[in-house]
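Take a look at these structures.
You will see chain A twice below: alongside chain B first, and alongside chain C after that.
Let's look at the complex of A and B:
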């Protein structure tokens, strides 16, 4: 986080990586266990960013923080699991079906924080800094004070998460496509 | 700066052009029909599906077909301009052919076939995708990032989505009846619709309208159930009216989301009551087209623009008697009259709500 190593995957654990992070950071949100990996990743990374900026994020109005997320593979993990539930198990699972939309993670983060702001989920061929620059610029000029943005691409074989906070009135690093790409390439979560 | 919207197009079971669709709906036709044993475990279901649609690559083919016909409604040269973007609104995209990468194929094909300067931007926000996509388009034009944005919404009917809605007990046993006392759920539909958003009126071949860019708001309440107070929809419409300098009394017509489920339609009635909008003539177009998910917001905006052009408000197909705790002005017979300002709303899974305005110039 912010260039510092704050957690490390333990291959000997029976928990997956996301669950290891949840336990490691001692979060207490039992709904986490109901979520699909995409929603879990969005919840975890938003909690980590909040923990790093505890005062600032609490001071915003309940609709001032916009959420902008994107990935390549939409909700593929839940899509495959739901398809399996009706094709193989012959019982379509409603609890899997509700996660077969990529924007559900936005709802989970909004619910966890009681945030009523703008939401958007986009599917892009690859991480594209200019997408975030364009859309965050629009949101910050049309009422939003901050944008919690990120790339959350999760497949059965890979978890790729890069979350960042953009604020109108605070700036640790200037927001532009060059800096964003640099952070993403250094895998600074 | 005025943001223009026009060149609407629509492919659905009711027709291959927006004019065919409008004329079929005006005549009281619906795309919804009974499909015996089409549901999970051979249950009979009602669906609105396009006849003779080749299922393989149906999503990609529909989007390509509609982009072709949109080009006949505008100056086609702008499509390849670096200041033009194509935005796609869809929930499940090409799931039928590629469940692991449902949008990759379309992005590649459109860019190549139409020689686009930019890869299309896919917006996938459940049932608010369409309204959100038009607002995104408006914002991208207003901010100067692009001069023109073609917005296309498309979703096709699949076992995947049908079985999912069945598992939630959300599928109506009769054709859906939004806002009606006897409503019992959604009827799934498929369609492909498009509009063009631009800062330049001269690219359009026909009359254009003014887009009143709206806001979205999350309910922060539940991922698959609507808020009981309509909080997100209330906030979204409130902001949309405010930022456009429009008051509730100025709304001449509401193209509501109206899915036909008990809770969604009830939620909308509460939100419209809180907004002082119960006077405005209102319909849901899902009685004609079913719920077309990612296409719905575009399809319903396109049909609303047709209503403005033709000076006719369509009846809310399937509605007979008030079935919400707040009485709304649901349109029961086609109404002739001039419409200056319309409000389009959408709400969906994930707690999203979005709204926009279309106004006559």
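Let's look at the complex of A and C:
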């Protein structure tokens, strides 16, 4: 978090990495357990950013915080789980089906925070800083005060999460594609 | 700035063009009937377009693999476009929306794939939602701006909203906007698994309602600016004066009991239009017939209008819930409502919802 190590994977735990984080951060949102890994990752990373900027994020109006997320593999983990539920178990599960769209993570973050602002999920071939720059530029010039943005790519073998907060009237690092790429490459999350 | 609506087109369970739909609405002739076109679900109550694919193909004079979704969309889009010639100085576009895309063809592919191992892979080319729009665009010769939205049941009106904004921003001079969905096993089984498919005829806004009947069809509207009508000579049927969308931030698939999202959207749309609430004379409601939607929508209407809720009704008992097409079909119904000074009856209503007590127009 902002260059600091805030959690470390414990290979001896029976919990997966995302559940370890949830417990480690002492969060209390039971709905977390119903979410698919993509939504869990979005929820956890947004909570982490909130915890780091408690005063400012809470002061925005509920429709002034926009969400802009993207990834490469869409909702593939849930897609495969749902396919398994009807092909192998012969019982299609509505609770899995709900997560067979990647933009559901936007809904989960919005629901957890009661945020009514703009939101966008894009499926891109790879991390594209210019996508965030252009999209955030439009949002911050059309009513949004802050943009919670990120790259959330989850497959069965890998969890790649990079979340960042852009604010109209507050800046620690200048927002441009060069800086964004540098942060992403250095995994300074 | 107002946006002109200069053309409309409809295909639904109650008619294959605007005139036929209007006649059914006027005479109270509903389109909900036992399913015929999907063999393994025969008998389920749906709002089916009363033409088989082969009949649609020959009427529309198309070739190759094409989804039922594209066929229905093309039929309504042609009516709205009305043979308008293209013009090199006008920027034209199409924004169509769908939730199932070419799923009807993919289901045939999948069946063949499992059964004989020799499926027609060409069918899969129609699967993508964007393909439905591209087929319609190609048939109408629209080559500039082609976009496809898929936002479930709000798709059709989101297409309208985006089209209006592109005109207002001067990005386009004329744009065909709308939505289309065909009945598929995918959606029928999906809604049944959510336990919100009524085996009986749906009863929007009624206390005893237990769910929706799915339908299929398409609605398209032609939006033009002044530069475009100067060349097309089209008459203005109606104006788009206000629009808004908003989120509920409540649940992935359910509306909030306090109607927050709908309240925000209605408030902002009216405010953008500059009209007073008391100037709204009719609300064509979404009214799907599910417990959740109708309650949430009723609460939103009360939030906005208090004790003075305007006349309102749902046309879902005529057409079924046509998903991505619903907003577009009902936008065309609303244009017809203004043109002909008509309010459509909310069929099957008997008892008001206990929590809100709202009574729709029934005749």
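One rule holds in what follows: the second predicted complex is superposed on the first by the 189 of 189 C-alpha atoms of A that agree within 3 Å, B and C clash if a C-alpha of one lies under 4 Å from a C-alpha of the other, contacts with A are read in each partner's own complex, and residues count from 1 in each chain.
Rule of thumb we're sticking to: contacts are C-beta pairs under 8 Å (C-beta built on N, C-alpha and C of every residue); 3 or more make two chains touch, one makes a residue touch a chain.
These numbers come from a predicted model, not from an experiment.
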item: Combined model on chain A: chain C and chain B, fit or clash; value: clash
item: Partner chain(s) touched by A:104 [first = chain B, second = chain C, both, neither]; value: both
item: Partner chain in contact with A:124 - chain B first, chain C second, else both or neither; value: first
item: Contact breadth on chain A, by residue count: chain C or chain B; value: B
item: First, second, both or neither for A:16, with chain B first and chain C second; value: neither
item: Partner chain(s) touched by A:92 [first = chain B, second = chain C, both, neither]; value: both
item: Chain B versus chain C as contact partner of A:79, first or second or both or neither; value: first
item: Chain B versus chain C as contact partner of A:116, first or second or both or neither; value: both
item: Set intersection of chain A contacts, chain C complex versus chain B complex; value: 63, 92, 94, 97-98, 104, 107-108, 110-111, 113-116, 119
item: In the complex with chain C, residue positions of chain A that touch it; value: 63, 92, 94, 97-98, 104, 107-108, 110-111, 113-116, 119
item: Contact footprint of chain A on chain B as seen in their complex; value: 40, 91-93, 95, 99-104, 107, 119, 121-126, 132, 136, 139-140, 142-143, 145, 159-160, 163-168, 215-224, 231-232, 235, 239, 243, 349-352
item: For the chain A and chain B complex, residues of the former touching the latter; value: 62-63, 67, 72-74, 76, 79-80, 82-83, 86, 92-94, 97-98, 100-104, 106-108, 110-111, 113-125, 131, 134-135, 137-138, 141-143, 155
item: Chain A-facing residues of chain C, complex; value: 189-190, 193-194, 246-247, 249-253, 260-261, 264
